[in-house]
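Look at the two complexes coming up: subunit A is in both, with subunit B in one and subunit C in the other.
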Partner chain A sequence: MERNVAVRSLTRGWALTLSALLGLALVYVRAALFTPIEGTQGPAQKIFYVHVPSAWASLLAFAVTGVLSLLYLRRREHKLDTIADASAEVGLVFGVVMLTTGPIWGKTIWGAWWAWDAKLTSTLFLFLLFVGYKVLRGAVVDPETRARFSAVIGILALVLVPFIYFSVLMFRTLHPAPPVLRAGAPTLPGAMLITLLLSVLVFSVLYVGFLMLRYCLSVLRELREEEAADGIS
Partner chain B sequence: MGYPDNAAFAVVGYIITSVVVLVYTASLYVRIRKER
Partner chain C sequence: MANSLWGTAVAVAAKDLRIEWRTKTAFASSIVFAVLVLAVFYFSRDPSVVTELDIAPAALWVTFTFAAMLGLNRAFLLEKENRALDGLLLTPVPRTGIFLGKLLGNLGFVVVVELISLPLFAVFFNVRVLHALPQLLAVTAMATLAFVAVGTLLSAMVVRTRFAELMLPILLLPFLVPPIIGAVQTTAGILAGRPLSDFAGWLRLLGAFDIAFVTVCFLLFEATVEE
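Entry: the complex of A and B
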């Protein structure tokens, strides 16, 4: 990608990111003022409107990394590895939100910050797997070796994503079954469902915006390194 | 029956979300600016 193409992509990335941040503020207002309080859990249940969308964005990002890792091993295109790396980093950011808001909500409804059940444990494992993915990428100097090794981790992590989603159905767990993506109609009341879907949309746009910016950052960094290498030679 | 008095938990959750997202946005801005 040429420098001017990267700069144009940056403009689109910033437009999406800033729109999503504005959307996030609107989600806060709608969740706080225009969405009913859940009867038994009280106002703390409103963490739901950031916890679930951040989990969605995180799993989406990790799944994208896994799929691109598969494609990279098949096609050996450098661009696929660069996007996979960008998606992994963005997934970790949303993972931090998911893994901090979850225990806060859990403390109020379960009386415990953490429970070692199937969903929480496998989600933490996935997060740590991607921490390892980023550490590995920082430790391997040769670009092709780095891409190949990290692609293997990305594919292994991809296997975990559906397991995490279906773990609430496969095991006895404290986590409730999915309230929206399930057999039959969603169990959430209308106003809560609209707030949740709005938040999922906002986090999805934020993911795409972050991904574009992080990808452009990698491209600009590579262009600078190439220019520096040309200057030396 | 009233609701449990636990709104502070939701506020903390929203603050953490905002801080994480804004810090990452700022980090992207600084790193991109450095490369341009």
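Entry: the complex of A and C
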């Protein structure tokens, strides 16, 4: 019975993911062909339509994990932990996209692959923290203990991020960034803004799709393990 | 009194420190490690370009934190032997008292390691610390408290996982970023003879970090030990 529910939401997850991927293709077409080229940065600016939304999706995913961790410790529902785990994993996927597209853009515009500014540093450490989260999950056998331990990490991560952000910001104000970094935040004209927002929307739907897929996989895997355990006993 | 919060804490901390005093294993290795890190730092620079003073604050703080990290796992590793933790949890004392005790024990351990490393640092790096000792100690105390609190909480979890020794650095190092940045900046200024008031922003950051994480760790400890 429960299996049918899981399979049905797996199908829904696929539908959502595939339509998001289709939307992504359309956003690419719009970004490449129908959005004006930015004056100072040239075509390099186009990577923003991938970079910003993936950063958004990644941070959203980690925030969801953090909030679910908090809820898990209050309510102790197994489901919350499974979703938190799925969200962390999806967040890591978007995080990889964010952390690879960022430097590609940075090299062209800043002239450096990497700069230790507040946003970069805090997202990098957030990413590393959730790698640690996954590693910790892999190192605990008992599901209940695993849920509690990873919830603790999820909450600690939520508290840590603003501190990293502000400490790096203060570090930077003491040592001003090289002038290239202060080229100015791009103020977006309408067409670009619409493309960016569309892309953010598509990435959000993609996040939900991935999350559903990953969650259903976890549920199905647990069901399979239960069946196997029943078969033995 | 014996099963009050502080009574429990003092008893647990005293027990841990007594064990450490009698065996001295973690202590000896942390000190040797600290000396080694200081030496490696001294030689990992071009002496004609980078002076000792330039690299000194970074060397001091990397030494402090890495040496401390060696000892942090010990507090709960001790309790793993003979399932002593179960016994500790069965006693009718507040669990936060146990955490406070472990925290105090770890703080005692780390503070001693720091107090021994600091003169060594002054000698090795040819830095005058005496004129600014109170300020330096205050900043050290502020930065130490936060990461020891997080380290104690994390070690309560990681000792019960596989690869405990590997897990602690991976999970703890991100939490060292804000205190280390603040401590290194402040230490550099103190060693250069600037007044503490120049670093009010950093001190506020360290203070806020301490308050936030000590509180959060207290609240979360319960979740790490319930069986």
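As a working rule, the second predicted complex is superposed on the first by the 204 of 233 C-alpha atoms of A that agree within 3 Å, B and C clash if a C-alpha of one lies under 4 Å from a C-alpha of the other, contacts with A are read in each partner's own complex, and residues count from 1 in each chain.
One rule holds for everything that comes next: a residue touches a chain if its C-beta (ideal position, glycine included) is under 8 Å from a C-beta of that chain, and two chains touch if they have at least 3 such contacts.
All values derive from a computational prediction rather than experimental measurement.
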Contacts of A:217 with subunit B and subunit C, given as first, second, both or neither: first
Contacts of A:9 with subunit B and subunit C, given as first, second, both or neither: neither
Touched partner set for A:135, first subunit B, second subunit C, both or neither: second
First, second, both or neither for A:166, with subunit B first and subunit C second: second
Which superposed partner A:107 touches (first subunit B, second subunit C, both, neither): first
Common interface residues of subunit A - those touching subunit B in one complex and subunit C in the other: none
Subunit C residues touching subunit A - in the complex, by the definition given at the top: 150, 153, 157-158, 160-163, 167, 170-171, 174-175, 177-178, 181-182, 185, 201-202, 205, 208-209, 212-213, 216, 220, 223-224, 226
Parts of subunit A lying in touch with subunit B, wherever the complex brings them together: 7, 10, 17, 21, 24, 28, 37, 39, 41-47, 50-51, 54, 93, 96-97, 100-101, 104-105, 107-108, 206, 210, 213-214, 216-217, 220-221, 224
Of subunit B, residues touching subunit A in the complex: 3-7, 9-10, 12-14, 16-18, 20-22, 24-25, 28, 31-32, 35-36
Residues of subunit A defined as touching subunit C within the complex: 73, 121, 125, 128-129, 131-132, 135-136, 139-140, 145, 148-149, 151-153, 155-157, 159-160, 163-164, 166-168, 170-171, 174
